[in-house]
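Below you'll find the structures, each written out as structure tokens.
Each of the two complexes below includes chain A, the first together with chain B, the second together with chain C.
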Partner chain A sequence: MAGLARFFGGRLIKAVAILFAIVVMNFLLVHAAPGDPATVMAGEAGAGDAQFVAQLREQFGLDRPLVVQLGTYIGHVSTGDLGFSYRQQKPVWELLVQRLPATLVLTASAFALALVLGIGLGTLAAVHAGTLRDGAITVLALLAYATPIYWIGLMLILLFSVRLGWLPAFGYETVGAGLTGIAHLADIAKHMVLPVATLGLFYMAVYARLTRASIQEVRDMDFVKTARAKGLRESTVVFRHILRNAILPVITVAGVQAGQLIGGSILIETVFAWPGIGRLAFEAVLQRDYQVLLGIFFISSVMVIVFNIVTDLIYSLIDPRIDLAS
Partner chain B sequence: MAAISVAEPPPPLLDVRGLSIALPDGADRPFAVDNLSFTLNPDEILCVVGESGSGKSMTAHAVMGLLPPSVRLAAGGLFFRDTNVLTQPEAKRRELRGGRIAMIFQEPMTALNPLMRVGEQVEESLRAHTPLDRAGRRARVQELFAQVGLPNPAELVRSYPFRLSGGQRQRVMIALALACEPDLLIADEPTTALDVTTQKQILDLIRRIQAERHMGVMFITHDFGVVAEIAHRVAVMQNGKMVEIGTAAEVLNRPRHPYTRQLIAAVPHTMGQRAAFARVGEPLLRAEGINKIFRVGGGLFRKAKEVVAGHEIALTIHAGETVGLVGESGSGKSTLGRSIVGLMKPDNGHIFFRGTDLMTLAPRDFRPFRREIQMVFQDPYASLNPRRTVGDIIAQGPVAFGESPSVARAKAEELLGLVGLDGNAAGRYPHEFSGGQRQRISIARALAMGPSLLIADEPVSALDVSVQAQVLGLLDDIRRRFNLSMLFITHDLRIASRVCDTIAVMRRGVIVETGPADRVFGDPRHAYTRALLDAIPGRGWHVPAELAQCPAELAQ
Partner chain C sequence: MRSKTFWQAYARNKAARFGLVIMILVVVLGLFAGVLFPASPWDMVNAPFLPPLSDGALLGTDTLGRDIAAGIAYGARVSLLIGMTSTAVAVVVGVTLGALAGFFGGWVDDALMRFTELFQTIPNFVLTVVLVAIFTPSQRSIISAIAIVSWPPLARLARAEFMSLRSREFVQAAMTTGQSNMAIIFREILPNSLSPLIVSASLMVATAVLLESSLSFLGLGDPNAMSWGYMIGSARTVIRQAWWMSFFPGLAILLTVLALNLIGEGLNDALNPRLSRQGKA
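Presenting the complex of A and B:
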């Protein structure tokens, strides 16, 4: 346990340093883009005169030197204040908290689905390598991997919502239905099916291919022969001995991708009008809403770091050779 | 378990009748095992001897029902206690496998699941074959670990394989095989990957357990020393056929078949028969006070484990001299070899080559010495770039030093002839050659640079005995022809005694004894040297005089 505490301690220190670098870089990147919120707001207000814009800039502190703005921002972030969105007239933190659950539900379900199905199909394909079943799985994975994700989304909408009318095409819940309890959850679940399937399909393909390749590499290793020589059932050999060893590279890739899922969901959230972080980011870019954008970047960086730590932790649980403290 | 060990039914335990195993189309021969018949009795150790590709492992795997899917059982029967196991359904075979017939493999480093505790891996077998409950299984595993001589069984069962040494892992494998008290134990080269001293312990263990339990043991090996240690009966296989079978005394001392005679003649046996080497002038290479400590593991907050690979090592090599560096794995032999070639930097010390201290040279200044000092590596399968032709591989070095490609290429072909390969080998790729041929290519590659010192790191340990003899013969010939100095690193004292003028015995980073080969082998002064010599398998057996007379290289 002492090792675990040391591991977390060490990683926390690193995480803070990384976050600091990310915050600075994000800030500078955002400000390198042409245009600022003052011009957008002035434009929308229909008042394009320079004095008004200058006044807006002064009000938001945009006239001060960049370094000063950066200092102020970092000072705020370090106290947990992600700023205020003047566009939406709400604290950024509040906006994020509003949108985050929808994104998390979508990405986490898609990720879990992708992992379970991907590893399952990959194993099935590897065990029956060279047969029809293997061929079918390989082709399916290749298709899911190679087809643009938004196109799959659109086609699924066309089929299941427009043609068959089985599932809702967009949104997070039926607006104005006023459902509560189980009915409300069922409603959300129904809305989730298509976006989750679309997002999950791509990652599933990645994991299926990876699992298949990894199993094929492990299955000829000596310890697998030892396991067979013990007279174990084939299923025990596959799951306990082959799969457990083959899954390490899948976890590495999955860990990296888990952190990126939020970014990856922007397309899906746009296609399915899903009220999550992704859509918030999209809108914030159009509106030059720096504070919101920076907040989203910050949150996704935190996610990446957290998932990295979790991945390392899982790794050490599966593979005793990996010593967390070193 | 007691119910099973009732009186043995009449012999034999295993009866192989006309077994043929077909190789896939396009293999170098149609049958891996060709019309093979032999019997194995209870309470007997049958050694199956042959070179790689002789079909001995394939036979063992057929008995276990573990043949790779690419081969096919073509004919014959495998009778275990009068039941043809080949016609049994898979469920029945699974019961036999690990239950009544158990197997130990060659490579203990990879034969255990790296992600499972060793105790659990043995327990798995008990769970599959016995009605023991969890507590019963645990107790049995500890009992087994104690039986095979593993230290501190109660704690060791909870270890993962990577924490154990090769010898300990092989003991775990033996415990695993013995778990369900099998009637037949198949040991497929179980000591080949181990050091001599560990090999001796494992052989003793197998012999002891076999005698206690009256098991039948099918022991596969290529080493006649091991055969002499352990066999009751010996079967010799060549190209999938059995060429000779008989009692150990018959086959070892009065071999009849030419192939058996050839194998026995190839056994390194000329302990200390070399003419004394006269050192002249200044040494070519003089190493002094070399220290190297590896730090394993450890991190920001934890002290690393220190492994001493070199402690105040001093060594000289004169022109034309072959110095044998002998020791067990992990003793630091390779570290020293690699330091001399400049592949590794010792912590401190001096390596003088023709008076220049290599350790003080910047990489750029070291470069000319790379030509002078060349290395032949242990594994001929891994040391040649699979994507370059053999000619390229050999010519690459000289070209890098400014020779014109066409000249280098012509020289490469010449060198290939010199090492006994066809000139057209230059246009082919490494995978088209056998292990012995590849090692010849490695030697040609080293020679292409025109070195004066050759570092040979276990150059023949991956090869069959008869091929070993050929490659050693080649090295000796080349050494004489070019007046090369050689540092010959090996764990096999029999081989060292054949090619080395001077022997340095190394243990845990320290050279414990140095001297002329004759003296070191004839009159070992350090206890460790004596222990190494005692551990050589088959010390009590002498190659029959008529075969000992004929040099092994000529017996091909």
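Presenting the complex of A and C:
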């Protein structure tokens, strides 16, 4: 348990350092952007309102030296004040908190789906290396790797919503259906199928390729021969001995790529009108609402750090030799 | 590089040959876009919502009567230009930082690797979106934004190469003969670490093309250039009535990125023969 506490302590320090760097980066972006920082913060919509701009100038001390301004800015952010969206007439923090659950559900499901299917398919391909099944999985992974995810999303809508009418294409629930309880959950689940599958597909391809390569490397090692020589069943050899060792690099990469998964949700939420952070980002881009955009950048960095810590924990569960504290 | 054996090794990979053929077609399409489609891709040349194989519009027209085929041809220019340029910038930045870290080690290495780590933690795509939105979309801002998020893997690779090569005898010999650090970096180490760098740079062009298309899909493309992502983004809302408007540009992206990936793998086979033979069981 002490190891776990130390692990979280160390991770927390690192996380704070990274977040600090990101806040500084946000600050510099506002100042490096073309135009007066106050109008940049106000965004295109608020820039016309002289009173609001003056208020921002006052609030962030924009006439004082840059270092003082940075201090003020960090002070604001550390109290959860990520600015005010003039366009939406709401604090940025409130907007983010409102949209966060939808994005978390989407990205976490896609991540889980990609890991399970990717590792499964990769294993299947490696075990049957050189056969038709292996070839099919390899080609599938290659294609998924090269296809823009927003386009896959649109094509899936075309097939499953427009042509076949099986699944809803937009939103996260049927508007005005007034469903409750299990029916409501089922409705949400139905709306989730396409966005989760689309977002997960690309990463599934990545993990499948990695798993296959990783198993190829492990499969001829001595401990595998020993396991076979002991007369263990093939499935035990594959799952308990080969996969358990081959899976580690996959999980490392999965952790590193969590950030891209969150970036991908901007595209997916735009395509499927999923009411999360990504959709908010798209709206903020359209409205040039920079405060919201910078807030999203901040919150998505927090999400990446959390995802990374979770993958480290998974890592240590699979490989007990890894000492979290070190 | 003995070019004959290089081509033999490359051509042994059937998929890589296929990739090269597609890539040549895309490049030719981009180069001769102006000859094939003399009218601007922004011009309304036909009735809107014409399906594919219509008269005068092979791949159909979009909601404003613009020719989809022309858009794809001109889009090839944008995709390749931005993909190549941003990769070139990322290579220069990444290799420089990685080379410094790997060559000098110590606190230089520490500082540079912390910096690299920071950029690897930051959600890539979110940062590109923020950068392009704040600095307003233009060819320059898009290229810079893509380069800024793409260099870290190259820096890591260059660092690893430099670290291992720096202790090799020929580098040690160059040091004892009193060559300057710059001469050692550029004349001794860099030429010997090129092959893995070339392979990952070629794969990076594919990622950059995808990134550019995603940006323009969100409406953050260069407003003066017709691009594949823009075509899909603007046809998104009419997908129910007109599948072809988003289907063909997407297919163009898919084929281009696939070709670049296959070429990358072919280069890997040709440049790192030992590695690739192990990879295939």
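The rule is simple: the second predicted complex is superposed on the first by the 283 of 326 C-alpha atoms of A that agree within 3 Å, B and C clash if a C-alpha of one lies under 4 Å from a C-alpha of the other, contacts with A are read in each partner's own complex, and residues count from 1 in each chain.
Rule of thumb we're sticking to: a contact is a pair of C-beta atoms (placed from the backbone, for glycine too) under 8 Å apart; a residue touches a chain by one contact, two chains touch by 3 or more.
Bear in mind the structure is a predicted one, so any value in this text is a computation, not a measurement.
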{"item": "Per-residue touch tally on chain A - higher for chain B or for chain C", "value": "C"}
{"item": "First (chain B), second (chain C), both or neither touched by A:Ile22", "value": "second"}
{"item": "Partner chain in contact with A:Ile318 - chain B first, chain C second, else both or neither", "value": "first"}
{"item": "Touching partner for A:Gly200 - first (chain B), second (chain C), both, neither", "value": "neither"}
{"item": "First, second, both or neither for A:Gly259, with chain B first and chain C second", "value": "second"}
{"item": "First, second, both or neither for A:Arg6, with chain B first and chain C second", "value": "first"}
{"item": "Which superposed partner A:Phe297 touches (first chain B, second chain C, both, neither)", "value": "second"}
{"item": "Residue ranges of chain A in contact with chain B within the complex", "value": "6, 10, 221-223, 225-233, 236, 240-241, 244-245, 318-321, 323, 325-326"}
{"item": "Touch list for chain C against partner chain A, complex", "value": "118, 120-127, 129-131, 133-136, 206, 210, 213-214, 217-220, 229, 232, 236, 239-240, 243, 246-247, 250, 253-254, 257-258, 261-262, 279, 281"}
{"item": "Parts of chain B lying in touch with chain A, wherever the complex brings them together", "value": "64, 66, 94-99, 102-103, 105, 107, 110-116, 121, 124-125, 128-129, 160, 162, 173, 176, 297-302"}
{"item": "Chain C contact footprint on chain A (complex, rising order)", "value": "18, 21-22, 29-30, 32-34, 40, 129-130, 142-143, 145-148, 150-151, 154-155, 157-158, 162, 213, 216, 256, 259-260, 262-264, 266-267, 270-271, 281-282, 284-286, 288, 290, 293-294, 296-297, 300-301, 303-305, 308"}
